[in-house]
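Note that chain A is present in both complexes that follow, paired respectively with chain B and with chain C.
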Partner chain A sequence: MVSGDRPTEPFARFEQFSITYDTASTPSLAGLTLDLYGDQLTLVTGPSGSGKSTLGRVVAGFVPRLLGGKVGGSARILDHDVDAESAHEITESIGMVFDNPFDQLTAATRTVFDEAAYALENEGLPPAEIIARVLSALESVGLAGIAGQHPRRLSGGQSQRLAIACALAQQKPILVLDDPTSQLDPTGTAEVVSMVRKLRRDHATVVLIAQDLSRWLEITDRLVVLDEGRLAADGRPASLLADPGPLAGKILIPRYIAIWAELRSRGMGLGDHAPRGTDQLISSLQAAVRVGRS
Partner chain B sequence: MIHLRDVSYTYPTGVEAIRRLDLDVSVGEALFVLGHNGAGKSTMLRLFNGLLKPTTGAVTVGGANTAGVRPAQLSKTVGLVFQNPDAQLFRERVSEEVSFGAEHGAGSDGAPERFERAMALLGLERVADRNPYDLSLSWRKRVAIASIVAMGSPILVLDEPTGGQDAEGTRVLTDLIMDRRNQGHGCVVVTHDVDLAFDCADRVIVLREGEIYLEGDPMSVLGDPLLPEAGVEPSTMHRVSQGLQLDSSVRTVDELEEHLMRTEEV
Partner chain C sequence: MEAGTNTWSRARVAALYEIGNTWLHRVHPLTKLAAVLPLSVAGFAGDTIRVPAVLLLAAVITLLVSRLGSIVLKSLRLIAPMTFALFVIHGVVRPYPSEPIASWGPISINAEGLALAGTTAARLAVFVVAVTAAMATVHPKIFATALIQRGVSHKLAYAYLAGAELLPEMRLRAAQILDAQQSRGFDTRGSLPRRFRTLFALLKPLLVSSLIGVEMRTLALESRGFSRVGTRTSAAEVEDRGRVLQRLLLAAAVPLIVLAVVW
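This part shows the complex of A and B:
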């Protein structure tokens, strides 16, 4: 739902939004105008220093209220002005998960269940509600079976899924995931991708920040490319990446798209939609061969 | 240059990370090491430069048994860059960090030449005067690699060099590996990036539970049906070849195109 058929109002509205951190001389976001919509997975990418993590932190309410910074233009998240209102209004509705799950877990709890229950207990919720919410969140990320295990015994992928479960248990309807698989091996990455795919089937709203797009495109509704704090490209991944050349210096073009684009440029009839995974590349090559034969 | 003979390593916690490993690494080859987390990759790298000494068996580097040599001495032969650059950055300017490596290394050419070359190879000229800790993690990693490259050690060991790198960083690091390969210097690269291994490796080993599970040239290893057992996916080209049921795996887009044309004509 990149254009035309938007069913809802945007949950985030950036208008000519700029932010310069107190310790920085140049802005991290510079005149960004962008709307983000619910019930989508928006994948934000761009070079190192392009402002993509800052965008995630603004959406999650961390910037400017908690981490500081000088603001220009406006950004409204769930109808709260990020510069004028307290961060709490935003952070209570938006869950943020960082690249290193071990930084995020409390290290103060002794079971997976207690870890996911930690914030709810601090809120003083009734025990029955805590149990129901935590079990449902652990179920969503596929950890219900090991609720009694010690958090330190989890693999990287499991720890990252637990960090996401903590946000789900707090019933935060919007998730910001900042490079959630960059520290995981392929097995852990596959676990997290398949968990996010499942959350999307339940219509979760996800803002995903990532450098390596290859495993995410298949479940990406909208791709946003930032460069030097500005919007460099925005659209559905299959159309945006159909001509990957102009973006090649800014984003890591997945190998399956590079192969597809090269064969297409040599005149092979592969259509106008870039594949969003190796399996799609294979199907589109098989289809081209069938057409070539007939 | 590096020889492991029947090497095992057991951590004080009792975890047996490396089991009876035999391996020879020669100068000039690009050796890629794959395997899931916990397969023993990082432990193996630490055995290469003497940070860890084998529990049993012997590791020799340039003819010397690592058991009796200090890691600082071995670093002139084996330059190891950790996955986390912050473990080794301690100067206030990028240029000083890289100079430090150049001055404490060895090689046929002088320190100033090695410094210039490392700065250029890693594309660091425009951040030469910055404090490494004002740069992002991916840039700090490039600085850490440049500092080790500047030492001029015959064997360069990189742990996850492209992890977290953007398009430019990935290109710079791929070029560095290919440059070393073309110059006959070679390197050992631990990575999860199977396509990087496909592009750059002379030889691939896949570790599983501390043992060498698969070994060979990238075309044979990276499409091996046993690969998933070790938690490693085939390369994209191998997956495409297998998906199209080609009788042999293709290596380049040219070969793929040729195969597809032939299929069309059947």
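This part shows the complex of A and C:
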């Protein structure tokens, strides 16, 4: 558990939760006990097959409702049991952005505007409100200028921003981002990272699933590590990664943390909290050098 | 996996809709759809080429006068292969008891066959021109909205819209797979057998990626309220009008059939 300031009630509560897909012989999540809180960016990581994406799909209300599976224990998201009739209400409140930037578009719209409006039309909102909300959402992800463009003409990064805009237009209070940069080039990755930073500045609740931690740690409030469907580690990134040794093999240790840990093991006074980015590492090194000189 | 410009240009949009503001664009989409029925039925009703030929001529002149010649061209592109096949099958390949008007060895051209091919082609042309004119002058979203307004299921409307986008979507996916295969040294040029091998090498990943895409798209649609029960609206407002005219057009099919049979 993460100590410190946090809202009192979690929006997601897993208690000894297990799920085995109908097509699998081993559980994707096995006896998971975990609470997720609002107004935080929770970064969920772990090796391939550790259950990260399944966790995201449970939080978004897709599993077991739409994808099936044998459930054990309990998981309650926004006070709805994921295995109950009312689980569709979870999906109505939680937005999800997938790893593939193109397959998550509806494939039935001819403009960026229509794509972002699709969910609001399904909600039955008045046209004037749809237009206002869509334009505002596209503006906030920087796509308002290409609202009339065909969605298939977008780059991967733009498609991911459009998927985020769809959730923002729906005013969903919680976002699950499933490895949103894994299929993007460096430009697209930079666009999405910058977008997620903005979301955090606006206090959005984000559950981010990613294997590569390096670009996300700076904005991560809490790090959850899964391994073979079980909770392997959970805490604030700076303290959890202060001793990265036990996590080796379970997560991709960012280079700046590996360097920091190595220098620290050689006796350099770099403090007890791991840096959350290259800038922080440089600052720590400059401070250590200054102390050494004086 | 960025959608690069090259990939996109190879997977160009093959949509029917043409932006414009002609009188045909301004007609309610369901009125246009209602007009397709009597025109097509009348074209097929008579025994001779006369009725479909007159209807076709009238439709083409109307479109040209309305500065919608591009629709005539689009229709022509759709009809041309069918017409060619009809003339080959009925005029050349199919045997007739009457004397041929010309023959070269085993190939003979028969007047009866040419007449049958001409009549069938004219009937199909009336239908194709009518449907193309109706669909090319209405934005798919406006058409789907009009259908939903008249009680058609939104799921059916989605199927229509997704169907309209399916071909360019598959082209884009195939172009991306082909790009990936070529970048790994796969040669797609050359002899016919080699091209067939290319086709098979393309089909499997195309099928697998499409199936994976379907699962993700299902979840994404669900996240956007696809299965939600209740009233739906549209950002594209469509005035619900022309109900009487649409009924009259549908009813006009009966006298037109009678006219076509009698003439």
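Going forward, the second predicted complex is superposed on the first by the 290 of 294 C-alpha atoms of A that agree within 3 Å, B and C clash if a C-alpha of one lies under 4 Å from a C-alpha of the other, contacts with A are read in each partner's own complex, and residues count from 1 in each chain.
By our rule, a contact is a pair of C-beta atoms (placed from the backbone, for glycine too) under 8 Å apart; a residue touches a chain by one contact, two chains touch by 3 or more.
Worth saying up front: this structure is predicted, and the values here are computed from it rather than measured.
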item: Contacts of A:G156 with chain B and chain C, given as first, second, both or neither; value: both
item: First, second, both or neither for A:L43, with chain B first and chain C second; value: neither
item: Which of chain B and chain C A:A242 touches, first, second, both or neither; value: neither
item: Which of chain B and chain C A:P126 touches, first, second, both or neither; value: second
item: Chain A: partner with more touched residues, chain B or chain C; value: C
item: Contacts of A:L78 with chain B and chain C, given as first, second, both or neither; value: neither
item: Touched partner set for A:G188, first chain B, second chain C, both or neither; value: both
item: Touched partner set for A:Q170, first chain B, second chain C, both or neither; value: second
item: Residues of chain A that lie at the interface with chain B and also at the interface with chain C; value: 155-156, 183-185, 188
item: Of chain A, residues touching chain C in the complex; value: 57, 60, 62, 66-67, 88, 91-92, 95-96, 98, 100-110, 113-114, 117-127, 130-131, 134, 150, 152-157, 159, 163, 166-167, 170, 183-185, 188
item: Residues of chain A touching chain B in the complex; value: 46-49, 155-156, 179, 182-188, 211, 248-253, 255-256, 259, 262-263, 266, 268, 278-279, 281-282, 285-286, 288-289, 292-293
item: Contact set on chain B toward chain A in their complex; value: 36-37, 136, 138-139, 163-170, 192, 195, 231-233, 236-237, 239-240, 243-244, 253, 256-257, 260, 263-264, 266
item: Sites on chain C touched by chain A in the complex; value: 1-3, 8, 11, 13, 15, 17, 139-141, 154, 158, 161-162, 164-166, 168-169, 172, 212-213, 215-228, 230-237
